[in-house]
Amino acid sequence: MCDRRAAGGVLAALLTATALSGQALDSARLHHRADSLLALWREANTFAEVQQTLREDRRGQVGRQTRATAALRGENPVKAGDLMVIADFPDSIPLREAARRAWAILASTYAGEATVLVSQPIRLAVMFANRQPITVLSARRIRKNVSTEELERTLLGLAGQPRVDRRFSSWLGNTVRPVFDTAAEQSAVYVQLVTAGAAAATRCFEGSVAGCSAALQLAEDSEFYLTAFDALQRRTAVAGARSRQVLEPTALATYSLCVDHHVDSACVGFLHGIGAGQVPQPLSSQARNLLVSTALSLGGVDAYDRLMADSTAPVIARLERAAHAPIDKVVGEWRARIIAARPAVQGIPLRGAIVTLGWVGLIAIGAIRSTRWRLS
Amino acid sequence: MSEHAVEIQHLTYRVKRVFALEDLSLKVPTGSIYGFLGPNGSGKTTTIRLILGLLRPESGTITVLGHAIPERAPAALARTGYVPEAPHLDPTLSVAEAIWFHSQFYRTWDGAWAARLLADFELDPKRPFGKLSKGQKGKLMMLLALAQRPELLVLDEPTDGLDPVVRRDMLSALLDYVSQHSATVFISSHLIHELERICDWVGVMDNGRLVADVGMERFKTGMKRLKVCHGPANTDTLPFRVLTRTTVNGNGTEMWLVRDWAPEMAPAVAAAGGELQQVIDLDLEEGFVELLRSFRVPRSEASRV
Amino acid sequence: MFRAILFQQWRWTRLIVALSTVAAFAIPLFSVRGSAANLEHKEAASFLGDVQSWGVLYPTLAGALGVLLAITLWTPDHRGRHVYALALPIPRWRLVTYRYLAGLTLLAAPVIGLTLGTLLASGTASLPTGLHAYPLGLSVRFALAAVVAFTLFFSVSSGTARTAGTILGAVAALVVFQVLLSAAGSEANILMPIVNVLLTAPGPFAIFTGRWMLVDV
C-alpha cells in the first residue's frame, strides 16, 4: 500500500507540475501526455498490488509463526475470536472483556478483513509505576488501572484498519473506522447537522433525504458547494478560505466581487479556482463513517467485503451493494438514527436538582445545629 | 409568683483557664431593685450575660422568673427587658423601624406606651440608629426594654457615659414603670450615688466573687469605721463583724472597719475590754471602697460577707 | 417575626439583590442580542459559540450572589457579637431558620429576574433550525446553584469565628501541603481528587459545572 501511495503521489505531483506548466501546451499534446501517464499509473498500480500480496503472505506466515512461538513460550495469550493479546500480567487488567468487545466490533465492521488485521498478536505491558521498565520494547504500555473501555479502544487502535482504495478514502476522508461509541458519535453528528452552516445539512435535518445525500457528498462532485451551500454560505466559505493580503490581483478581484459585492457567480468561480479540497465540507468524515457503518449494519455478514469489492464503482453503488438496499433507504436509516440520537436536552435537571437539594438540606441542618448559641 | 426573680446557685464560669466567676450564689427578690456593683472586670457583665443565657456556665444553676437558664432562655427572655452595656441595634434601621422590629418579638408589647416614651425621650423616629448620639441610643434601648412590659428588667450600666439630664430621664422612666408594674430590676452600674437612691438591695462583685449581698439600708447604715483603744485580740464574740483593723499610733489605738453595726452595740466593745472612742459614718461609696479594700486584704485580717 | 427578619435582611442586602436582579435579567438578553448578526445569517455554530461564552456568567453570578448574600446577612451580628440576636425571645434554631428562609426569599428576586430575562430572550430571538431555548432549565440551574452557594456560606457565617477559621485553615493546610509535596518532587496530587469530588456529580458543586446554555441543540 505504501508503494502504491508513493507511486500515486509521484504521479500526482507529475500531473500537477504538468498542469501548472500546461498553459504553454496545446490540448492535443495534453491528452497524449495524460494517456501515457494513465498507462504508467496502471503499471505502477499492478506492481504495487503484487508487492502487497507478497507482503501479506509473508505476514501471514509470520503471524502463524508468532502465534506458534507464543504458544511454545507459554506466554498464555488471551484470545477472543481471531484476536490474540499477550500481556505480562493479563489478570491485572480487564483484558478478556476488552478483547471480546474489540473483536466483536472488528468482526462486525470488517467481516473477513478483521482476521487479516489481527494476524499478529498484540503485546501489552502492564505498568504498575510510572518509571517501570518494560522487557518487550514493542509492547504497548498499559496502566494497571485502565478501564475496560480504554483498553478496548487501545486494542482497536493497535489492530488498525484495513486499507481502503483511493476513491473511497477520498470520499470518506479516512479509512473505514469501527464505531466505538455509537450513541456518542451519532449525537456528535446530530450537532453537526444543526450547526454545519450548510443548506444541505439543514434540509437533511428538516427531513430531506436528498439534502442528506448532498451534505454527505455522495455524488462525489468536486463542485459540491453548488448544492450543499446557499449563496450566503458560499460567500462565507470564500471569506474564510483566504485572506485578501495573500491573493493575486485576478483572484482578488473575484474575491472582492464575491465578498464585498455579493455576486454569487464570483463566489462559485473563486471556490472552483481554489479547488474542492480547500472548501469546508458540510459534514465531517465522522458523519460519512457513520453512514458506512449504517450500510454495513444493514448489509449484515460480508457487507464490508461487498463494500470493497469494486474499487472503481461510485460510492453510492458500493454502499447500496454493501447494504443490499437502495441508497435512499441507507441514507434515510442513517438520518433516522442521527435524529434519534439528539443530545440530552438541557431541560430541568431532575437528578441534579435532587442531589443539590440534598446537599442544601445537609448544610442547612448543619447551620441550624451550630453550637453558636452563646457569645464567644 | 416565685419569691426570687433571679436565683443563681454555685455558678462557675471560666474563660480559657481563668475563672471569671467562681462559686457565685445570688438571689434577687421579686419586686426589688437590685443594684449590682463592682469595679471594672469584676464579672458584672459576665454575670448578666449568664443570667440571660448569652453565655453557658461551667457549673451551677440559674433560674430566671422560674425558667431554667439556658435551657428555657427564650421563655425567660420573653418576659425580660434587657439594656446592654453597648447599644447593639442595627445602625441602618431608623428609630421607628427599630421599634417596629423589636415589637414583633414580644406579645406584651405596649405600642401606646412606646409612643409616649418616644415623645418623652424626644427621639426623631426617622433618624437612623447609627446617627443617634450616645444619650439618644441609651434612651432608645431603655424605651425598647420598657415598652415590652417586662416582669424583669436587666440593665447593664444603662447610664454609663451619659450626661445628667439623660440619666435623669432614663431613671425617671424606669422608676415610673417599676412603680406601676411592680417589676423586678437588676441594674449594674459604677454610679453608686445613683443606685443609692433607687436600689433596695445591693450586691458587690470583686474579682469574680460576690463579696456582699445585702439590703441597701443595712449596707449603708451598717458600714462604719470605729476608733477603738485597746481593743480585744479576738473579735469573734462581738455582735458586729470586724472587716479590718488598722493601728493608728503606738499607744494601742486602732481604726476598725465594721459592718452590721447598730448604735446599741457600743457597750459590747467595752464588755470585750476595749474603749470605743469614735463612730465614723461612711456613705455608700466609701463603704463600697472600704469593703473592696478589706476583701483584698489577706484573709487573717479580713472576712468576706 | 419572619416578616421583621425579612425586612431587616432586605435592608442589609437590597443593593446586592437589586444589582444581581438587573444583571440576571440582562445576561440572557445580551447573550442573544450579541449574536444578532449571526441570527440574521442563521449560522448556528457561531451563534452557539456566542451563547456559550455568555453562559459562563450564569454560574459566576449565582455563586457570587449566594456568597455575598450569606456573608452580608451575618456581618451585622458578627459586628455586634450576636448580642441582639441572642437576647431575642426566640430559640436560636428558629432564628437561624427564619434568617435562612429570609435569605432564600431574597434570592428569589434574581432568580425571577433571570427567568423573565430568559423567557424574553428566547421568545424574541428567532433561532436557527435545530436549536432550542431552555429558559426554565437554565433558571432552575441558576436557582439551585445560588441556593447551594448561599447555604454553604450561610452555614459557615452563622458559626463562630473559630469555625470559619478552622475551615479556612484546613483549606490552607491542604494547599500548603500540596505545594510542599510538589516542591519535594512528589507526583502525588491531593487537591485534584478533592476538587473532582466536589465538582463532579454527586458532589455539592456539580450544579456549577457543565454548559450553561440558554440555547442549545
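Each chain gets a letter, A, B and C, in the order it is written, and its residues are counted from 1.
To be clear about the criterion, a residue touches a chain if its C-beta (ideal position, glycine included) is under 8 Å from a C-beta of that chain, and two chains touch if they have at least 3 such contacts.
Predicted, not measured: the structure shown is a model, and the values here were computed from it.
The central chain here, found by comparing per-chain C-alpha centres with the mean of all protein C-alpha atoms, is C. Counting C-beta pairs in contact, the chain pair with the highest total is A-C.
Averaged Cα coordinates give chain A a centre that lies 90 Å from the centre of chain B.
Spacing of chain B relative to chain C, judged by their CA centroids, is 50 angstrom. Between chain A and chain C, the centres computed from C-alpha atoms are 41 Å apart. Contact of a single residue of chain C with at least two other chains is seen at positions 81, 83, 86.
Chain B has residues 53-54 in contact with two or more other chains.
Touching of two or more other chains is recorded for residues 373-375 of chain A. On the chain B side of its complex with chain C, the touching residues are 52-54, 74-78, 80, 82, 84, 86, 88-90, 92-93, 97, 100-101, 104-106.
Remark: chain C residues 1, 3-4, 7-8, 11-12, 76, 80-81, 83-84, 86-91 touch chain B in the complex.
Across the interface of their complex, chain C is touched by residues 130, 190-191, 193-197, 202, 205-206, 232, 236, 342-343, 345-349, 351-353, 355-357, 359-360, 363-364, 366-376 of chain A. Looking at the complex, you find that chain C touches chain A at residues 41, 43-45, 48, 81-83, 86, 92-93, 96-97, 100, 128-132, 134, 136-138, 140-141, 144-145, 147-148, 151-152, 154-155, 158-163, 187, 201-202, 204, 206-207, 211, 213, 216-217.
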